[in-house]
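Here the chain labels run A, B and C in written order, and each chain numbers its own residues starting at 1.
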Amino acid sequence: MVFPLGELGDYEIKFKPEHEMFRKFIREFFEKEVEPRVSEIEENDAVPADLLKKMGEMGFQGIAVPQEYGGQGGDQISMAIFSEEAGRTYPAIMTIVGVNGLFTIPILLFGTEEQKRKYLPPVARGEKHSAHATSEAGAGSDVAGVQTKAERRGDKWVLNGRKAFISGGDIADYFLVLARTSPPPSRKERWKGLTFFIVEKDMPGFSVAKNMKKSGLKGSSIVELQLDNVEVPDSNRLGDEGEGFKIAMETFDHGRIGVAAQALGIAQAAFEKSLNYAMQRSTFDRLLIQQQAIDDYLAEMLMKLVTSRQLVYWASYLADSGRKEYLIAASLAKAYATEAAEFCALKAISIHGGVGVVVDSHIERMLRDVEITKIYEGSNEIQRLVIIRQLIRQTMGFDPMGM
Amino acid sequence: MLNMAVLVKHVYDENQLKVDRGSGKISFEGVPGKISDFDRCAVEAALVLKSAGGGKVTSVTLGPEEAIKSLREVMAMGVDQTILVKEQAFSRLDVAATASVLMKALEKAGGFDLLICAEGSVDSYTSLLAPMLAERLRLPLVTYAQSLQVKEGSVRVERVLEKRVEVVEAKLPAIVTVTGEINDPRIPTLLQIMGAMRKPIATFTLADLGLDLQSLTTGGYRLLEYSAKSRERRKVIFDGTVPEAVAKLVDALVKDGLMS
Amino acid sequence: MADILFYSEEDDLLHELAGLATVVAAQAGGRSCAVVLGEDKAATASSLASEGVSEVYLFKAPAAFRAHPEAAAQALVEASAKHHSAFLLVGSTKEGKVVAGRLAAALGAPAASDCATIQLTDGDLVVERPSYGGRVTTKVALSGKYVVACVKARAYPRATPSGTAGKVSEIPFEPALTTSLIEVRERPASSVDLTKAEKIVSVGRGLKKKEDIPLIQSLADAMGASVGCSRPLSADLGWLPEEAHIGLTGIEVKPKVYVAIGISGQLQHLAGVKEAGTIVGINTDKAAPIFANADYGIVGDLYQIVPELVHQLTASKHK
């Protein structure tokens, strides 16, 4: 046993030549098309329409969607590369693109052929946007607490409820909505009786409300969704009735590495900027890089940066290799990389001194952007739980919570 | 069908050269390579013509093994065929020798109706390669193209000189050089990148072209030295409030006798 | 022993080459000869003849062809045939480099462009030219029966009338051209040629909108300077004309003082300002490369600093 996996070889990471080329070109896109507009996006809290269009044309929303459904046919490593580069330049872009994954992945895993053919290509090609609507005011980490109801009426379902903290809900055309279709059989089985539905924004009774102002990830909106007797055909039900919780969990499992990579990108940017600054700025007749305290900070940042990198790409490689162990690796990566990124963002501010909190320096922004990464896609508190549960499950074959 | 060839050069990344600040000595060791930036504009110009009127685009490169990585990028952009004349000591060839090699490589490519290349490469930027090729191949040459059109067997170019802009026409086959202002080279998608990995690269050695390194490096052009003695700037930063900092700056400029 | 042949379609450069050619010819133990194109250029030919040039070949081509690089190359080949061995100096303008390339290929001669210095050393022509975005100076030795070097503008001083009387030889000339000129549009001459400006105020991406250009102009006026810019402002945004673009693919300037406002200081831009006397950087980003490449700098908002600078400069003028 070489915890949490079997042997040394389980820790290997193998890249393909196209990965490095993709990284180079994605970085070029971000530096050329996004970087110059960061101040503009921060000020308006919105991504310009022409930039969204360019991103759509580049096929970002379909990186991990198979070619047969209009996607790029990329792997998890490619998705991680995209997320990292986005995190390095402007993390909100990763969120804007990434939430589409929370729509496309469950449809790929659980959808009917008709659903796949109808909904995947337009989203993969960037022609339409999508969002995942599970969260409610009273149900964030506790997915089973969802109260939006779906009542069957013949071959239709009628949905009623209010969703909250829905990323990208303002620009989405399609939504994956989680609703309760039957009451839980017992208090211990609250997770039973939930079902997913594909809802289109034009369906009568569906509306987007209340865009909330956040401290970070500007340009990526979070909204509330109001569903008033929204009629959804049964053909838009995703998976079996009652399968919703399982679908949600698997969806988040797949999305986890992306957030870890996004945080990795933030850490990378924090380190690059700090190193650059330390090489240029002088205090007390010496360059910052010649001051021991600064070297200490930079070294710590680099330790955390490189460790995050190894975790992110290891988890991605495991996923691409079809290994179930990617689950625990993804949780390790997410919890570690997001906290490491926060550390790096804080240190970057210290190293830059007063300049670090000047908005135009784009240093303090990294801290504002990184905070939510510790919270969404399964909070780090939940990740820690998952890590141990998975470990016991994997190595001993049973669920320790059930003991 | 417009048969186009584009010259692509693999260069050391000028932004990552290792320069010793004291001696001015330069090291190329471990410096990553890339495609000369403006060559991508040349490729883009060819691809745009291909979209407009159909045709085939072949890229031609003289370079080391490492150049293959750069060539894949050009293939991801959409080039149909890639030719590499592989020679590790390629940097020892001066412009005239490079022209000799490329002429043979272009023959292997099956000739061309239109040869597009960048005005200069980001490393040496001599602007001499295209005129040399034009003279030796006895072809019309139009340089500094800011826009480019092909119609009825002729190329029409808008070229920008220091004091004037000219519209010039030449009958094909012809050579055109483009500046970085002509376009914004496309960034390929992941799909295009993955496709490029599988496409073949036609590789030749100098010997395959009937040439040898020895005779190509005796043309009377001898590199004596590289140096990067940059002018030491004072790097004084004036701080304080805006009025204070500005006052210090004005003071310094007046003292230097620059404000009169 | 070698003769020096020189040519430039640019008048100023032509006279600078004349001065250089006379000096090098003396060292090489040969004669300096100019090539001038155009039946309307008799005056230029005779002025060169009085500036120490031994012989001026005046190729009597119709005026329309005189700036055509193919015509110039053909004329230079013809003139070279009259000399057993020659160093050919061509003005390093855009067209000049085309001429040089064709000429070098026709003669089988080694060539170098954008030469900042020219020296005769042991019978070879040793030149220095920039490479790697201007970061590196390359020194090259050119040798052979014929050698071609393009010399940069303002690298050498103009020749002065020396009371000599060189020969002007008129040569009939009908160049064979392979391109046709359809249209010519003169580029609007900017009020001051930046390459000759002693003071330049330059602006980059830090400027938020086109309507703020007058702010920069007000500083230029207060300083008696001309306005330049980095590439994005002319090429991408079109806020300033192409003639104002300073950098690797723009123009190179040699002012006594250069104030870079809202310019990050990328290599491509700095390549155009290397020779400036004093460089001042103004930028909000403390880590911007401009500060490591400037003599003086202020980190801060240009929208506050520039008006303050204008205010203080104007006030000090009225003292």
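Heads up, the rule we're going with is that a contact is a pair of C-beta atoms (placed from the backbone, for glycine too) under 8 Å apart; a residue touches a chain by one contact, two chains touch by 3 or more.
Please read these numbers as outputs of a predicted model, since none were measured by experiment.
Closest chain to the protein centre (all Cα atoms averaged), using per-chain Cα means: B. Chains joined by the most contact pairs: B-C. Greatest centre-to-centre distance from chain A is found for C, with centres as Cα means.
If you average the Cα atoms of chain B and of chain C, the two centres end up 21 Å apart. Distance between chain A and chain B, defined via averaged C-alpha coordinates, is recorded as 40 Å. Averaged C-alpha coordinates put the centre of chain A at 53 Å from the centre of chain C.
Along chain C, residues 291-292, 299 each make contact with two or more other chains.
Shared contact sites, meaning residues of chain A that touch two or more other chains, are absent.
On the side of chain A, the complex with chain B involves touching residues 16-18, 21-22, 24-25, 28-29, 32, 58-59, 63, 67, 72-74, 78. Across the complex, chain B meets chain C through its residues 12, 14-15, 17, 19, 26, 94-96, 99, 122-136, 139-144, 156, 160-171, 179-181, 219-231, 233-239, 242-243, 245-247, 249-250, 252-254, 256, 258-259. On the chain A side of its complex with chain C, the touching residues are 36, 273, 276-277, 280-281, 352, 355, 358, 360-361.
Residues 205, 284-287, 289, 291-292, 299, 301 of chain C are the ones touching chain A in the complex. Across the interface of their complex, chain B is touched by residues 69-70, 73, 93-95, 97-102, 104-106, 108-114, 124, 126, 130-133, 135-144, 147, 178-187, 189, 199, 223, 235, 242, 248-249, 256-257, 267, 274, 277-280, 291-300, 304-305, 308-309, 312-313, 316 of chain C.
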